[in-house]
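In what follows, a structure is listed as structure tokens, so that the remarks can point back to it.
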Amino acid sequence: MRDEFAAIAAAEGEDYSAQLAANVRGERVVDLWIGPDITADSLFGVYSATKGAAHLVVALLVQDGVLDLDRPVADHWPEFAAEGKGELTLRDLLTHRAGVVGADDGFRVEEIADDRIIAERLAGQRPYWRPGTAFGYHALVIGALTGEVVRRVTGRSIQEIHEERVRGPLGIDFYLGLPAELEPRFLGTQPMRPTPEQLAELRANATGPNSLTGIAFNRNHPEAVDLQELPNHRVIRELGPASVGGIGTARGLADFYAAAIDGRLLKPDTIAAVGQIHSAGTDLVTRQPAAFGLGFMSAATAYPVLGQGAFGHPGATGTEAFADPRNGIAYGYARRRFGFPGGPGPENQGLIKALHAAATAV
Amino acid sequence: MRDEFAAIAAAEGEDYSAQLAANVRGERVVDLWIGPDITADSLFGVYSATKGAAHLVVALLVQDGVLDLDRPVADHWPEFAAEGKGELTLRDLLTHRAGVVGADDGFRVEEIADDRIIAERLAGQRPYWRPGTAFGYHALVIGALTGEVVRRVTGRSIQEIHEERVRGPLGIDFYLGLPAELEPRFLGTQPMRPTPEQLAELRANATGPNSLTGIAFNRNHPEAVDLQELPNHRVIRELGPASVGGIGTARGLADFYAAAIDGRLLKPDTIAAVGQIHSAGTDLVTRQPAAFGLGFMSAATAYPVLGQGAFGHPGATGTEAFADPRNGIAYGYARRRFGFPGGPGPENQGLIKALHAAATAV
Amino acid sequence: MRDEFAAIAAAEGEDYSAQLAANVRGERVVDLWIGPDITADSLFGVYSATKGAAHLVVALLVQDGVLDLDRPVADHWPEFAAEGKGELTLRDLLTHRAGVVGADDGFRVEEIADDRIIAERLAGQRPYWRPGTAFGYHALVIGALTGEVVRRVTGRSIQEIHEERVRGPLGIDFYLGLPAELEPRFLGTQPMRPTPEQLAELRANATGPNSLTGIAFNRNHPEAVDLQELPNHRVIRELGPASVGGIGTARGLADFYAAAIDGRLLKPDTIAAVGQIHSAGTDLVTRQPAAFGLGFMSAATAYPVLGQGAFGHPGATGTEAFADPRNGIAYGYARRRFGFPGGPGPENQGLIKALHAAATAV
């Protein structure tokens, strides 16, 4: 792992900054970091890896019997029944099947930061595909939708429950809402630096601002919101929206996945349920193959060496994090600068192969 | 657009004949034609672009409350219940889910011309896949199936309603049933001229005459019916079958799509409904990725610069036509000679990018 | 066909051993074999081509009204209701939708040999994906699952019914349970001999032992079971498990498919039903496109020259066998040494094109 990580750093160049942590069957076996100004405690904006922490909260509430996956969302949140969404269940939301991947008019940064505003806007939104016929990545909004169900049922937010049941008691370095006193540890994200060839490729494949992909990534908003700067806004870090606003270390990522599967948080039935593939095929938003469990991506599909049921969530900079219950692995990787073309960094494939080999050789 | 069109004409060669028209937010912004003997008034056989005009009629009747998308077809057309089709709805027909893409014995040209004969033959046909599990392009027959529902409910044909509510009152140059007096304006289609390499590619990928694709394109009929000559038969032009028999200009194509979204024909809810993706994935008939709304293809899927909900339908010669309600665009492109390999011409990608750029720069 | 077969033999090299047989509309038109020690009577382990014989038995029982495709499996087999499988029907099992593609702890060779042991283990297994949302190849176990339904309803095994209704009365050289006295005719399978490049490709694409693919192919069992040696174990040949344990000749394969469609075994409605596509798209286990009818693969999808509804099943060595009812073809091809990368040999494409051309030229 150390060699693989060093090789990646060498290939990425001098200003590459990243952290890598992994636990195998309860033990921290990898704990690496590299780059200017970076320490083991540097905090990164991890974008969609946030969804893993958010949906760990949902999994806990399902396990407790507080949430019912198959009950219509509108039972708790009547406004959501608008525009043909009356039969959609929490399970549909968690598996990216609801079809409200964004809002017709888009969001300002301050709106992206606030899950309640997103939820209010989406309650009346017509689904962009016919519910029940397809799935697509609810990139910026899934946590606001599932979070609104949590709030209506429990009276508390995903962020509060994460703090009370996961971060606080287990001492995990991952925040949905970063306290002001930890701000000095935060390292802002850095934008992608595509080569001319990569830039040409990005332009050739560009989707329109009003396309489904454009709406899902908020490019339909009249004020251009630069997603590559999202966690660099204090309001995002402060409110920690459950889809993309989490701040943490690679250790923090590995730690909450370790806690998810080592008996501290989830029971075997819940672990199996969250990693069970529910939506598989071509994602309507990303136009790429994808597989989702309950609010998590199927890491087992993305990384074929992993065990069936491995669940996690990558983030836009290249970040990746997951748990592999069959092999007893928890993994966290965070990077500061956006990689090309965005989304889970291809460097994770080699790192994860090496980790799996080491973990199963033990 | 003019430059892009000129470049295409130069690449296609001397006998390339085509028309291009586009409206943006109520205004004709493109109006071009090129080729021997061609004028702005030349009428082309547009093949499956016909389905757009036909299903605009269906959308009007749904909007009026005359047709119910979710009622079983067999409620109106009892014979259709045969062979396990009793629960199929109008929505299933419109989204290419019915599975009766052709007839076991195929059709003669005179039968392809007559939607009532097609409907009668397909009423007793066993679906070629299990209804509800997949979708596939009902290339030559969808308009006969949906048209039979229209006829049973209203007593009138799609062709008659198109004439009464769309072509006549709005003065649109597009015909489902070409009047004899307009025949002099018709320019017959011309067959593909593949290079030797293209011919080899076509042969290598050839499907059998009794394959699903063969059946859907009527290659299972003992008399070979040359689809490249279809609109050159007067009986096709005269009866204007709702799947492939429409005759019109590029202006006509752009005009009915403009009327569909500018308030003259469809209300916002109907516009959103027809463009909503219902069937997405790999089409069992074409073996290619596809996405369908209600009788229309998702132009938004085919052309990633367009807005979510853009709906239209290409035709076999290379023709393309659609409306993009989010960007206020209506587009029509018709060509005389079949391009390689048939279906929406790849030249549309560049034309549509240029149009979208111009429309959104305004 | 003779030329095509000779060309394949030349390309494969000196120790290539294979048989090829085909019937067209009731007549044996191809009957070839090649290789050291091989005769027309040599018996091969045909791996998953076995599923064709097994599910011909199921088709007969459905045709008789003994089995009901849409009745929950748990009605006959209550233990199967465990872990959320209570609503799964026989149709779900036959179309690879059940999601129990293997067992969490894997199987020993002696267990793979015994359908009753497999069934007992899988009754309590949690599905690896959410039933109803996807399909995946139940490579080693589908015949045990469907066979248990047969046994619970009829009191007899698929193997016994195959013997009584197919092999015995029709004199077909294909065995689900090879009698000891026929052992001298058996030729053991030989392992793949990949080139260094092929080996590198296999390694690069390798899935983990605990991945869904690993579980489905029993790589999760602590004792490595070499599937390339499976039929070389007498216990496999003796018990003839319904998923992979069949032993036969190419003539035998062609003969049972000929009997399936020539009026001796199945009626037209049953023929149409078994070949009707039920599951199409990307297979979760193989990560490849696939299409299944009722226990059979859609040969029509794999071989585009064939007629819609052609059904059959390949086997791991490169074996292929199917019936094409629209063209009146039955086909059997068996090979001794595993081809690269395993599964239906690419050589079948050319053989089947040649056969189809000859059959339709008649």
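Order of writing sets the chain letters: A, B and C. Residues in each chain are counted from 1.
Basically, a residue touches a chain if its C-beta (ideal position, glycine included) is under 8 Å from a C-beta of that chain, and two chains touch if they have at least 3 such contacts.
Computed from a predicted structure; not experimentally measured.
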item: Self-contact between copies chain A and chain C, residue sets same or different by half; value: different
item: Turn needed to bring chain B onto chain C - CA fit, degrees, nearest 5; value: 120
item: Centre-of-Cα separation between chain C and chain A, whole angstrom; value: 41
item: Interface hub residues of chain C, defined as touching at least two other chains; value: 281
item: Residue ranges of chain C in contact with chain A within the complex; value: 126-130, 133-134, 205-215, 281-282, 284, 287
item: Residue ranges of chain A in contact with chain C within the complex; value: 272, 276-281, 289, 291, 300, 304-309, 326-327, 356, 360
